[in-house]
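Multiple structures are listed underneath, in structure tokens.
In the two assemblies presented below, chain A is common to both, partnered first by chain B and then by chain C.
On to the complex of A and B.
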């Protein structure tokens, strides 16, 4: 549905001094940022594609790409990936929606702590969380298993292995579910915070129960957030490499992202053609989800902020209050507390062993981290790069959203699609493309922080635009039109109407991007180095050639740093909301 | 709430900052031997010392690095900068840098030959001659495949066992892989990680027939991405043995007191390390001098200390070179990769 903004009536000429035309309008800045981002996305990919096709063996490379695509094993891996992401994703969507609704709308809300705790799983780098679960739930030496077996032993049930086995289908789906739920939670709770509660109150005063209201009024109104959730779950799930690497591969469950990374980074000669063949599948799936999202958003029919800004009273859940709270606390224990405990336990051992004894605990793993220049430099670099990169990405994302949403034409829709491309290709391919395009002539960015920063912005621009787009849609057109009718220029409308209302969503996006960039592994392994170490590079180094206890210690350290940052941001966000 | 959060944050950051102070001398695992007295000096020592630095791309385990660094600096006063990654990542990185017109590595050290062979036409690596690299004169000819790269060592491949489950003395042949105690508790390092793991599979097939590999598949081995996680599984008793295993994967754990040991049934192959000096790298003379150092008896001692075998005889602290060792035919192994992987069920 297209609406036109009313034009400003021209002012009559007043004085002889002509009014100075600003050199750069707000719209102009938005378009320039859009152009830069599109260049950063398309240029490396086009150069890589040309390089693949243009050198002497182009027919063979092309042949290999399609041969890999049509291979039997590609089908198996696709099925595995779809199953893992699909089943876990459904669970994640349900859990994320339930928890978001419980915290935003009902008296089961557990306060500031509860809103930030479900985000903690993102503070632990996914590779460290996966390793934490391996320590807990490996069928023989897993600490949790040993504990359960000891307990069962006291009541006479003897088991030599298990009962939990993380290296299995249920284990893998469980790990995916834990990883994906926070993404669903974040998008849906952002949407709920900006939603007009009047409809829900009307439903309740008409006699509908809490859950009926949730099901028939809240959920349908949340369509943009839910659609964004589905798309985010699909792209994060299909690109997830560290969890299936650590948990799936020993179980014999092969998924597409692990094979893609393996083909590019671990095979020689590097099988970039095969990796691209597998990427075609990933791209196809994500495009499907993207089309679904656009259809859901375009059809309208979702509630928007109507300018009243009232907060609803918390819904009384009655006898469901504590079961919901326990479910939330249980989830937080599973995602955050347990793997962290597993990591802490192993980080204090000199080598991973199920024979946990308090007398042999040691801090030497932490000491070796602090003594290690690479680790220390990596931590500092990651924090700085992540702060700058997240800010750049969110600002660019917001400006891009202004371009795309202000006028829906074929051009803006195409550009919107281009901006989403980095989400469909795995990070390793973007990183390789970046090396080919920016490392040498004419940019010479190899081994610099600049190439890392650009890569991070490009990699996470799609997430940044998801958040700003969802935040923008919740605001709706009426307010922007009202502002324009009152005579405000685009920049003033953005600054004084859109930005404050989009702020909660944008801040949520910033903290997510910060955590993602600090936890990034695949791009960091290709573009970082001993001159420019970042945490992802260091963690991968420890995984391939260090010991689990040191990896665990670094994981614990990362969690502490990231938690401090994100908790600070969430606290700030709360303060901003109170002022509004 | 406000105050405590801020104080917490400041406290935590300062604690981390304070703890970060050190740097300092790298620790060595043993004495650094002096350079071989009987070797003629290289013709490029002065030029190399003027360059002052050499950048070494290497996949060797972390514990093995500092001895080499300290040794080289003691011998020539030239600092070594290390870039440590798994071999395939190094190749990826070097190739991408070359394709982008950059040369950042002086010495390339990787566990394979195909890369050096493929890059011969491109002239990426310098030819090594005896006036610049005098240690070549004493180097066994069979370990010099071509003018531009040399095999510096080999890590024999064996089986790493959990000593609470297996007495190392009872593991005398590859048949131990089929022991029923290892069923579903067999940690297998991904054979596609390097060509020598594939050569190991080929050797097993040649010695014992394809049924042997199929019997390994029947043990339901757990595929691990690399050697160190596999070794840790064995140390934790999550798995009881691991293969193909070079001792470098488990040496650190052993030193911590983990119940883990590596044995070498015969016949076996090894993970061979090859080095080449970049032809037009940032420090070309230092590069060749470093290669020379690695080929001296002193260099071999620090390079192989505790975990690898030297082509030179009687190097102290090194793993004994397996009887009748010859360089593995990795090209043939790679060509049969699919078939071999199919036989072991991966």
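On to the complex of A and C.
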């Protein structure tokens, strides 16, 4: 018996071939990508921070920055922002918690609402929703107002304007509320999903009522996700630019993000120093909320037990079941369906009028999207930039995930934290920092596609790493270890085991990034120009010039494209989960 | 039960005992950083030498370091100190990793089997032959014949183009084992592969695994927390506790002669009763040294005078009899709990303030509250210094 089953015929010559280390290993590539991303995030921030301390800036600019910071109008804008975000945020937290609890724990659950509610900001871009509400509820020609006035007219009450007025404090707070609720819902429902229902069942079987259980068990256990929710609401709200621009500015309510964008993009020469002065306030608020969240989470006593996937018996709401469901459906109508209807109605008329007529329906606004050089150019640029940006971001996200997950250490944890900065510190701050760092010397990227592309990748890298790390965790650790013990090097394992198994998650992530980038308005408003138009820039341009029907058509187009992509991703996800 | 275990078959397929396959570990140490920045020692200086072709089982409670030790052998963990030698190749020298996981001549069977769902059975098994450094990859026709040979030997040839999701637990085990040995590895590591499987199927898979190991002749290092599994499979059992090896021996050694209290506690159900070393009749010259406990004086050789000790007596080494005025042997006690557990009963008997478990045949008169006498063969008692 010359060979045994365990002896391979071509016996590897262990000693004669010394191990050759390739110049560039897969791990090396991962680290290089990580380094580039970290540089792109930190460099603008550090350069901006140094500038604020007077390093690399001249005294006049520094003086202007602090002058803006101490201006009386800054205080007014801060108070306005705090009021709008505060009041709307409390409402959003309550509504989000109610809807999340109803969907996760009670028989009022609506499957499609549970899945699509957190995705509403992706289906309909915030600027489109805000413009839609202007078409519905502006005091003169608002379509809802006209409808209400006609109904009231039949009973003898004559009005020439109102009764609704979106351009007002209540209107602004209402719009903020609609925008913020899905984010509250997202964090609270994922908290409820990871909270073992047995904890609540134990309380119920100990004799506690449903309400006592909610107060004494559910709520305290959910403290981390409530804290995360507050942080998310505050940062999203404080940096929100599209809604206050469209709804608040005409009403004379000025908020910080609108003014920051105005100073950077619409003053000539661009008033970066002033924008930085206002940015200090935004950063201070974000840091304050962040510290608050840390305190809430650290004080401990909360459960971090992951759910076993065991669904508990849903709580019977009895006669409250339908009112809760109607509230949920009503919310979805208000935040998505109605504004979309408003957009569609205006987009089909040749001009925005109070008297909607079916006889004068026209598609000319949609045709003009493709005729107008700026609009058509913007659409093309957005699609190309989003395709490249989403690809770059998801590839970088996947490689960063490899670094972060390969070995948990203080270094990788810190790097992970840095990669998440663009989401925490808000898009508006990152965009301002980009203008400060890359517009002038030594890069001179102002008015180029390059600066837009870099900004998109940096702004959405937190989402990209989130999607890719979710995809990574779907692949069990043992599957990659089995590849290593089979003799595969890191790159082979990545290519032949991880990538095929992560692919569905990465494709879904890519599509969502594509939607986010095409719908981006913050970076686009500051970094794009008439020579480098993108959709976000064009939509603002149409708003400023009052070209409403064409604006409506563009809003509808964006919503339709985004919805198709998001729905496909949702369908794909369910489909693939069945197969795997 | 498996055809593979017959000798005639082994000569047909060219199976035999391979020459290499020795595993040697010296001074292996492994620390983890915990979340608060402290260090947790998972392995505290482990020395081990596993001869070629044997089946060794690493046994211990969860957190004892057995899985960490196995993963250090595989190269999936980097030890802080120590040397690891596998099949004449030095994998780790004084804490320096010389061979990464993919360069080590070992195969591994994972707890979940870790078969890749996007590949067929054939692709899974062929994988190790197609991923090494390019210069060493065998050509396509060799891969084909080699994989087919291994699949035939494991009797899974008919599953060739199946997807992993369509396989039964037993078939998955065979595919995982085939993947582990296909590249000619003489050492196969097993990370609790049977722990997620039904008790009935588990016994069957255990028998199959054992016969395949004998047939193929690879060195097996197998991690488990199940002592019955360990005793069934192992040529030698390595008992670990708190990152240290506490005993190495065959099933008989560790069952009948546990060297520490932890081994006695972990293997089988023992009664642990504390006591102190004394000299009987307080006469240093004449009296024997005993462990004085609530269950009597146990003669002992270990320990010094006044040492605190633990006496261990297995539950089934006790006898139980009805109390009667004339009875003088054993100790008087009272049954506080009686549970029928199938072919024996577990009685908890209160003796002089200590509760002892007694496993005996089901006795109709032995009810809770019954006055009884209990006793044990003193030669079966083991004394450990605290």
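Observations
The definition used in the following text is that the second predicted complex is superposed on the first by the 342 of 580 C-alpha atoms of A that agree within 3 Å, B and C clash if a C-alpha of one lies under 4 Å from a C-alpha of the other, contacts with A are read in each partner's own complex, and residues count from 1 in each chain.
The definition used in the following text is that a contact is a pair of C-beta atoms (placed from the backbone, for glycine too) under 8 Å apart; a residue touches a chain by one contact, two chains touch by 3 or more.
Treat the numbers as computed from the prediction; the structure is a model and nothing was measured.
Touch criterion met: A:476 reaches chain C, while chain B stays clear of it.
In the superposition on chain A, A:485 contacts chain C only, with no contact to chain B.
Look at A:104: by the touch rule set out above, it reaches neither chain B nor chain C.
Contact with neither chain B nor chain C is seen for A:520 once the two complexes are overlaid on the shared chain. Between chain B and chain C, B touches the greater number of residues of chain A. In the superposed model, A:353 lies in contact with chain B only, and not with chain C.
By the touch criterion defined above, A:568 reaches chain B but does not reach chain C. When the two complexes are overlaid on their common chain A, residue A:496 makes contact with chain C while staying clear of chain B. In the superposition on chain A, A:138 contacts chain B only, with no contact to chain C.
By the touch criterion given at the top, residues 11, 13-18, 33, 74-76, 89, 100-104, 106-108, 110-112, 114-118, 127-128, 131-133, 135-136, 138, 142, 146, 149-150, 153, 179-181, 183-186, 189, 216-218 of chain C touch chain A in their complex.
Chain contact summary for the complex, chain B toward chain A: residues 2, 5, 8-9, 12-13, 16, 19-20, 22-23, 61-62, 81-89, 91-93, 95-97, 99-102, 104, 112, 114-115, 118, 185, 190, 192-193, 195, 222-226, 228-229, 232-233, 235-238, 252-253, 256-258.
The touching residues of chain A, counted against chain C in their complex, run 1, 3-10, 12, 14, 17, 19-20, 409, 476, 478-479, 481-489, 492, 496-497, 500-501, 580. Contacts from chain A toward chain B in the complex involve residues 51, 138-142, 167, 245, 249-252, 262, 264-270, 350-354, 370-371, 373, 376, 379, 432, 435-436, 439-441, 444, 446-447, 525-526, 529-530, 541, 543-548, 557, 560-561, 564, 567-568, 571.
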